[in-house]
Amino acid sequence: MQATLTIKLARVAIVIAIFALWEMLSRTGLVNPRLLPSASDTLMTLGDLLQRSSVRTDLLVTATEVLTAFAIAVPMGALIGFLIAENRYFADVAKPLLFFAFSIPKSIFLPMFILVFGVGFAQKVGFGFFSTIFIVIMSTTTAVESVKVEHLTVARSYGATRAQTAFRVYLPSMLPVLLEALRISMIFNLTGVILAEMYASRDGIGHQIATWGENFQMKQLLAGVVMVAAIAMTFNELIRWVETRCSHWRT
Amino acid sequence: MSAKTLRHLIVAGLLVLWELLPRTGLIPELFLPSLSSTLLAGWNEAAEYGHALAVTLYEVAVSMAFACGGGILLGAIVGSLPRPRLLIMPMVSSLYAVPLVILYPVFTVWLGIGSESKIAFASIYGFLPTMLATAAGIQTIDPQLLLAARSMGATLSQRLVRVIIPAAIPTVLSGLRIGGALVIVGVVVSEMLISSAGIGYLISRYRTILDSPHVFAGVLLVLFMAIAFNTAIRWIERKAAIWQTGTRAGQSAADEVGSGAMQPAT
Amino acid sequence: MQPLANVTPLKPPPRAGAIEVRNVGQVFRTKSQDVVALEDVSLDIKPGRFVVLVGPSGCGKSTLLMMMAGLRAQTSGTITVNGAPIPQPDPNRVGVVFQEASLFPWLTAEDNVEFPLALRGVAKAERRAKAQDALKLVGLEGFGKRHPHELSGGMKQRVSIARGLVQDPPVLLMDEPFAALDEQTRMTMGDELLRIWAATGKTVVFVTHSLTEAVYLADEVIVMSPRPGRIVDQLQVNLPRPRTYEMLSGDAFGALRDRIWRHIRKSA
């Protein structure tokens, strides 16, 4: 217990040290403060930005796009993944194709989405969906395959019904893998949407960050980077926390 | 019909559809130019694409050296020392959740819109998975192997050269495969965003003038680049690690690395 | 290599292969408390003997073996092999065979056997010749080019034994070498080990969980108890050699096994 506390403290210390170094580099003029505004300035700017209604609207736009893409991609990917995992023949046919689709870079197809959907909500959601669906399919297949044959045999030998098998064997076995899949899908989804916004867009936080960059507004730019990073990390840690809570039966 | 035949038929069918759907006008050529017009567009501007490819390949090569060199070095350190591992690994995988593309504007402000900013961005993009994979590879080395080597009187450097490095090779290679793929993505994406040269730049330029066949030709070129790199590393993986099936720990680590946990986000 | 003889091995030079354990203790310090893993363990192992250590999990038998191998330092007491202390591994005096195959999966069987020689910079030709001899001794002639994953569990352990013997040390230490094998392979490997032992005249110290295996293989069985680990009994196994499968159902065998079991049940 004590060791983990020390480690946690050490981690906090590292983060503080990084911010301190950042602050120092800028304050002492070792690095041009115009290129690297100090940490404190950046955080203050971040506070200002969060007050601005335009930034809040951008965040809301991004959040809507991310959640919409997520809400479409996850159930659809899960369904396809489940069907593939359940049917041997189908799996043999589709898996190498999916694996291939999974391993190729998705971002180079971004221009296609602009050609098809124009620059707007549909393009972001479409690209977010496209970035996410393959990983969801892959992880669902992995999750189904992670169910142990022995457990299914035991359930069958004690006369479990289909529904009982689904709820008492499949679900608990798959849950940890599914949660992990959800976490990683969200990373892919968020990256996809932000990239789409940076590439061509009229709103959204990704677009704002790109604009600040083009206009050399370093303070706002860094504040935006810190903001997005913080949001992504918080979500990530949240799911990881849930994961560890229900990982005790994971073998 | 065997699964393989059906799969080949599906691929062939997709290619035929790619040609037919735009030709018959079921899908506008703007959305999806036919396969033949895409290839033709690429062929006609071969010199321009070739020049862009050279720029992109140069950036990829330099970034790859930074990302993979740094990733392997730091991963080896973090993986072999328990304290830094406990300290840093969770922080690194938390960092992995951040859409790193938001850093690119920062690099353009600092380094301009030339090759430097692409190299900086792509290096960072490819660095994390390589480092995570190397650390995981070192970590999963069976302690029995090290104990056995020690019982035979192996010195520290002998253990490093004869046990730790060969045992870590499969995981490091799969890390390289993913890190390298990310480096390619990183370079092309940054070229697409703000740039004046390279394939990504060509794609974006043709996109703004709505010249779909040329956009697709560029996309195809990048796709081939990514696939060629992937195939090459997989070939090396097979050559270098025929014994890989022997270590369950190593295999599962390689699986973990390969199966999503550290795959390129977009 | 000495000729195959299953009654008494040829007399090795005096003290070569002798192991003396004097008042050895081992204490693991954790944050909350000190755990006594071994307490006042003394043991005399004569050259050429086959000695088996048994005891329930946590009795420190493997720890003791690691100390004899120079892989771990004791907190108190002394251990000598060939009359000299063993502060670090010395493959010229002691060969070690581990549980599961601790073979390097990226090396072929013969490269694995050559590994300890390669560490000392022995010339390639000499290495190869010695490895071939060792592989022949364990009955794996012609399998040298295979990788471990192409060998069965029993064959892997044969390679491990060959690796332990390749430098011709007087002592062979074996840490539950057959634990991962199935029952049939295990019996076969036991007979093989006895054959190799008889042919080479090594001192063997063998750790196992299996009482049958212990009595079947040993000249002498050392029974240990856990927390703190100490020796509770030392049995001489006077069954004739070569040992045969029929002895397993004999009264003498049963009596010895019962005596060990009573000790272990008491301490469990």
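For reference, chains read A, B and C in written order, and residue numbers begin at 1 within each chain.
We take it that a contact is a pair of C-beta atoms (placed from the backbone, for glycine too) under 8 Å apart; a residue touches a chain by one contact, two chains touch by 3 or more.
Because the structure is predicted, anything quoted here is derived from the model rather than measured.
Asker: Counting only chain pairs that touch, give me the topology of the graph as line, ring, star, complete or other.
Answerer: Chain contacts: open path, no cycle.
Asker: Considering A-B alongside B-C, which chain pair is linked by more C-beta pairs in contact?
Answerer: Ranking B-C and A-B by C-beta contacts puts A-B first.
Asker: Using the average of all C-alpha atoms in each chain as its centre, how far is it in Å between chain A and chain C?
Answerer: 53
Asker: On a C-alpha centroid basis, what's the spacing between chain B and chain C, in Å?
Answerer: 48
Asker: What is the distance, in whole Å, between the centres of chain A and chain B, each centre taken as the mean of its C-alpha atoms?
Answerer: About 19 Å, centre to centre.
Asker: For chain B, which residues are in contact with chain C within the complex?
Answerer: 142, 144-145, 147-155, 158, 162-163, 166-167, 169, 241-247, 250
Asker: Quick one: in the complex, what on chain C touches chain B?
Answerer: 69-71, 88-91, 94, 96, 98-100, 102, 104-107, 115-116, 118-120, 147-149, 163
Asker: Contact residues on chain A for chain B in the complex?
Answerer: Residue positions touching the partner: 7, 10-11, 14, 35, 89, 92-94, 96-97, 102-112, 114-116, 131, 135, 138-139, 142, 180-181, 183-184, 187-188, 190-192, 194-195, 198-199, 206, 209-210, 212-214, 216, 218, 221-222, 224-225, 228-229, 232-233, 235-237.
Asker: Along chain B, where are the residues that touch chain A in the complex?
Answerer: 3-4, 6-7, 10-11, 30-32, 86-87, 90-91, 94-106, 108-110, 181, 184-185, 188-189, 192-194, 200, 203-204, 207, 210, 212, 215-216, 218-219, 222-223, 226-227, 230, 259-261, 263-266
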